[in-house]
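Chains here go by letter, A, B, C and D, matching the order in which they are written, and residues are numbered from 1 within each.
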Amino acid sequence: MSRTDDNWLLRVRNLTKIYGEPNENTLNMTGPLFNSNICPETDAIVACADISFDLYPGEVLGIVGESGSGKSTVVRLLYFDMEKTAGSAFLKPYNSGLANILEESNQKKRFIRNHLMGMVYQNPRDGLNFRFSSGGNIAEKLIMAGNMNVGQIRGRASELLEKTEVPVQRMDDRPSSFSGGMQQRVQISKAIANNPPLLFLDEVTTGLDVSVQAKVLDLIRELQQDLGIAMIVVSHDLSVIRMLTDRTIVLKDGRIVESGLTDQILQDPQHEYSQLLVSSLL
Amino acid sequence: MGYVAVKGGTDAIHNSQELVEFYRLRNAATPLDVNQIRSQLRLAVDKVIGEGGLYAPEYAAIALKQAEGEVFEAAFILRAFRTTLQRRFYSETINTREMFVKRKISASFREIPGGQILGPTRDYTQRILDTGKAGETAHEVKSFLEAFESKIDRGKLQDIDTYGKVIDLLKQEGLLKTIDPNDDRTLTDITREAIKFPAPRSARLQMMARAETGGLMAMGYSSMRGFGSAHPTVGELRYGSVPVMIKDPSGRTRYAGKIEVTEAEMVSSVSIGKKNAIPKFTIGYGLCFGQNDTKVICMGILDTTMRSPDVNAPANDQEFVLYHTEGIESMGFTNHLKLPHYVDFQSVLGGIREAIKRNGEKTPEKKPEVAEMEQ
Amino acid sequence: MVENKKYVNKYNFAFIDEATKREIRRKLLKAVAIPGYQVPYSSPEMPISRGWGTGGLHVTLSVIGKKDVFKIIDQGSDASVNACNLREFVHMMTDVKTTFDTSEATLIQTRHRVTEEELKENQIYIYQVPQPEPLRGVERYENKTRQMHGEADYAKMWVSIYESFIRHGDIMLYAGYPVKVNNRYIMAPSPIPKWDIPNLNQSKALHLFGAGREKRLYAVPPYTTVEPLEFEDVKFHTEDFTGLECFKTGYKKAYLDELYFDDGTRHFVINDSNFLDKLMEHSPLKQHSNKYIDKIEA
Amino acid sequence: MNILEVNDLSKIFNLHILKNKKIEALKEISFTMKEGEIIGLTGKSGSGKSSLMKCIYRTYLASSGEIIYASQDGSIDMVKADDHRIIELRKTEINYCSQFLSVIPRVSAVDVVCENLFRIEKNKTRAREQAKEMLEQLGLPSDLWDAFPVTFSGGEQQRINVARAIIAGPRFLLIDEPTASLDARTKDIVIDMIVDLKRNGTSVLCISHDEYTLDRLVDRRIELQTGRITAVEMDGVEV
C-alpha cells in the first residue's frame, strides 16, 4: 500500500487571516523577515498568511511557534471559529474533498464540525458549556449528529468518559466542579464523540500542572493509537510536539518558516528561527 | 369561592375605573388647568413628550393630568395616542447649529464661542425646600415677572445670534476621529421596523431618545463608575429651540414649526489602530425633546460605549442597554405579572408535585402544600 | 357597550391606522408562508400595557372585519379581567359582535389556553405571546438566536431538555412547551399548558401569534405538523389529572383549575369557561381529539 | 539487488544562531548495500557514522547527494522524498534504533517495545505477549516489564531499545551500537536475533565499536573518518 498524492485527509492552501485594513503592501511588508506581523502602512495585523499543508489520515501534525505567531489562528480558521481572509481548505470525507469548506454555508460548516472534526481548546470554557453537565456537553455533539435517543446518548457518553478516564459517576455533574485536567478530558470526550477523522488540539496542556499535563498527553497519545485520528497539535511547547507529532510546522509572524519530520525539526532545524526555538528547549 | 369572582370581570373593571376617577378627584380641589401643567410642570411635560415620542406638550399635559402626575403612565398614553396618527412627512434633519440657544455650556473649554450660557438650570439652585412656594399667589407671580421684564435690555435682544459648536473647533484641528467606513449609517425608523442587532446608530439613537431617563442614567452611570470604562467630558450641552423643516410633495422645503430640544456632545478619547495607536477624540451624541440634561448626557455616554462591545460592561452591550431602558415596555411587562397566571401555574404545580413524588417524598394532602409552592 | 362615542368618531376602525394594519398583515402573510418563523414588525404602541396582550391586539385589529364575531379568553376564561378589558376595547374600536361561544367565533384571541372545543377551518386563533423566543432560555442574545433559527442550530435547546431529564427524571418544561413546526423551526407556543400542545398539530384553524413587546409575529397555518420536542425514549406528556374530575360536571377529559374554598377544601373545575357552560347546558360540543386526551377514561 | 545506494552524499550544518558557523559532517559519501546484507559502519567517535545513519533515516536533511532506497513500491530518494512518504516507510519498512533509548515518558517497558508492533498486531494483548517473550529472551527481569524505562540502568534500557527495533521485523534496520553496555551472554543473544532478522530478509546497517559484534554480525564493513569513507570491504576484501 502506498500513499499517493491523493490520499490526503485535509488539504490547506494559502490560508490567510488579516485583521484591520490591509493594502497591497501588507503581505510584502510583514512576516519573519520584518520580524513583525503588523503592516507598517495600515496597522493591519497578519495573523497568518499563505499557510499550506496536507494532512494524511491518522497523521499527527504539530504547529509550533511563540504566542502571536498565528498557530491558534490556523486551527480556529479550520474549525470555523473565525472567518478566513483568503485561502482554501478541503476535507476528503466531505464532498470527496472537492469543496472549499471555508466557503460553505454556516449550516454545512456545522455539519462538518459535528461529523468530521473535533476541537479541544486551551481554555475548557471555550469548548464546554459550563451550564450543562459533562454528559450534556457530550450529548450536544451526539445530538447535533442526529442521535435522539437519551439511552444511547448516555451509553456513548459513559463509554467516552471511561476512555478518557473521567469517573463515569460524574457524568451528570457540571464541569465547573472539575479540576482543570478533568475538564480537558471532558473536552476531549466531547471532541471525539462522533469519531471524527480529524481532531484539533490547541495548547491543550498549557496552564495545567506538570503531572496533569503528562496525563492529558498520555491520553491523547493513546487515543491517537487506538482510534487512528488525524490530529493537528498546536503548542508553543516543543516537548509536547516531540511527544505527539510525526510532522511539524514552525510558524513565525504568521508564516511557515519551516516544516518537516518532527525528529528532523528537533535534531536538524534548518531555519534560523527553528534553531533558536530548539536551542531554547530545556 | 375564587371561581365565581372572576365572572364579574367586566364589572370589576368598571368599578376600578370609577375608583381611579374618584381618587383623582375625591378632595374636590380645583381642577388643574392644562396650561398650568404645561407651564409650571414644564420638566414633567418635557419628559412625557420625550419618552412618549410625540412632540405635543399640550397633549402631554392632559396625559399628566389624566395619570395623576405619573410620568411613565402619561408617556405611555401619549405613545398610544401617537399610534393612531397618520404620518405624512419625515422632517429634514434638524440643524442644532441654528438653535435659538437658551442654555449652552462646555466643560471642555473655559471659554467657547458665544460664551458659556447657564440659562435656566437647577444645577446651582440650593436644594432647600422652599416652603414659601406653598403660599405662592398670583400677585407674587405677576410682580416677579414684572421685575424680571424690567431688567431686560430690549435693545440688546437684537444681538442674539446662532453659535458655532465646540466640536467644530476640534474638527478643524483634525482631533476628531473620522467616521469609520464600517459604521452602519442606514437611517431606520424604529417605530416602523423592529430593531435588529447589531443595530445601526440611527436606531440606537432613536431608541435612546425615547428611552426612560432613569434607565439611561443607570446604564450610563454604571459605565463611568466601573462596570465599563466611560470617562467623557461634556464637549457641549445646549438647550433651545430649533426649526423643523419638511419637504412638501413639490420638493420645496417648508418651515413646519419649532421644537425645543436638549443636545449633548460628549467628548472622549479613543485610540485608532493597534500599533503606534493614534489617540483621537470621538463624540457621543445625545438629543431629546424638551429640557433634560441628564438624559442627553447619559445618551451621549451610551452612544460611545455601545460602539465597542464588551461582555463585561453592560453599558457596551446594545441589546442589554436598548431593551432594558425602554421604559414603557419595561413597565408593561413588569406589571403584567399581576395578570392571572393560574393555567401556567397549574402546569408547573403538577410537574413539581410529580418530581417530588419521584424523589419518594410524600406530598402532604392538605393546605401546607400551597404554602410550600409559593416559596 | 360603546360608552365613549367620542372615540368612535375620533379613531380609525380598529384603532390602528390603515398603513400600519397593512404592514402587520403583510408580516402575517410572511409568517404564514414560513410556519414557525418569527417575523419582526413595527409593533406600534397600544393603549394597553406592553405584556398585556399588545401583540395579540395588533393581530386581531389588523385582521378583523366588520362581519367577524370576536371571542377573547384569558386563562381559558371569557370573564377574566384582562379578557373583559380587551373585549371592551376591541368592541369599542370596531363595533363587531362579541361572543363567549367558541364555535360561533371567527376570531378568538387568547392568553395561555387553546379552547377545549375543536377549532374549525373558518376560525383564526390569535395568541398573546409574552416571549416569542423559545431559545431565550439557552441563549440570551437576539442576534444569536436569530442566527440559530436561520441555521436550524438547535443543539443547545435539545441539550437543555436532556439536562432537565437527567436532573429531574422528567422534562421539566411546562406551559409554553417548545414545539417544532413543519419539521423546521422551533417555536414558542405561548404559555399554553402542555395539554393544549397536541391540539396545534394538524389543526383546521389558522393560528397567529403576536408578541408586541418583543415585536415578533409568527404563525401555524391550518393542517401543519406541530410536534413537541421529545427524545425517542424520553417523551413529552401532558399534565396529569388522573383521579381528578370537575366538581361541577364530573368530567375528566379537560384541563382543570385547582380551587380552594373558604373552608380550605380543594376542588377541581374545568378551566375553559365556555366549555364548562356548554357541558352544563348539554349543548352540542365537539372536543379536540389527540392521543393524550383519547387515553383518558371519561 | 541493492536495497540502498548512497551517492555523493554531503551534510553541512549551518548554525545560524552561532553566527552562521558551518560544520561539515559528511563529505561525498557513496556506497551501496545489497538486500539482506549486514553492513557495519566503523570509525572513531565524531567520524560521521551517526550522522550518516540519521541522513539515511531523514532525521538529518542531507545538504547534497542522494540516498536511493529500494522500497517495496519502488526506488525513492530519501533526501528529497515527501515527508509523508518517509513517515510511511518508517511505519512499514525502515526502523532506526539509536544508541540510547529515547522513549515517551510514562509508557511501560512492554509498551515501548510494542510501539511498532501495535501497527501490525491490532490485538494488544497478543502484541504484549510477544514483547514479553522477547524481553525474557534478552534477560530483562519480569518485574521491570510494566515499569517505566526512564529509571532503568544503561544495560536494561539497551535491551528494550534493541527489542523495540527488531520485534516488528523491519525490512531495513539502522542500528547504532546494539551491543554496547551488554554482558557477553546478552550480546550473543542480540547478535543471534539480528542474524535471525537477516535470515528473514532484513537488511541491516549497524554502527559498532565492538570487534566481537562486528566479527559475528556483519557481512562487510565501511569505515569513516572525519566525514569521509576511508575503507570499504567488498566480498571480504578491503578496497
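We adopt the following convention: contacts are C-beta pairs under 8 Å (C-beta built on N, C-alpha and C of every residue); 3 or more make two chains touch, one makes a residue touch a chain.
Fair warning: this is a prediction, and the values are worked out from it, not measured in the lab.
Whose C-alpha centre lies nearest the centre of all protein C-alpha atoms?
Taking the mean of C-alpha atoms per chain, the most central one is A.
If you count the C-beta pairs in contact for each pair of chains, which pair comes out on top?
Ranked by C-beta contact count, first place goes to B-C.
Find the chain most remote from chain D, comparing centres computed as mean CA coordinates.
It is B whose centre lies farthest from that of chain D.
Between chain B and chain D, what's the gap in Å when you average each chain's C-alpha atoms?
82
How many angstrom lie between the CA centroids of chain A and chain B, rounded to a whole number?
49
Cα centroid separation between chain A and chain D, in whole Å?
Distance between chain centres: 33 Å.
Give every residue of chain B touching chain C within the complex, in rising order.
Counting only chain B, the residues touching chain C are 1-3, 6-10, 12-13, 76-77, 79-87, 191-198, 319, 328-329, 331-336, 339-344, 346-351, 354-355, 358, 366-367, 370.
Can you tell me which positions in chain A touch chain D when the two form their complex?
2-3, 54, 56, 59, 214, 218, 221, 225, 243, 246-247, 259-261, 263-264, 267-268, 270-272, 275-276, 279
Spell out the residues on chain D that touch chain A in their complex, using ranges where they run on.
Touching chain A from chain D are residues 13-17, 54, 58-61, 73, 83-88, 104-107, 118.
In the complex, go through chain C and note every residue touching chain A.
These residues of chain C touch chain A: 147, 150-153, 155-156, 158-160, 162-163, 165-167, 231-234.
Which residues of chain C touch chain B in their complex?
Listed in rising order, the residues are 10-12, 15-17, 19-20, 23, 40-47, 49-52, 54, 74-77, 79-85, 87-88, 111-113, 130, 140-143, 146, 168-170, 172, 174-176, 191-195, 213, 215-216, 239-241, 255-262, 264, 269, 271.
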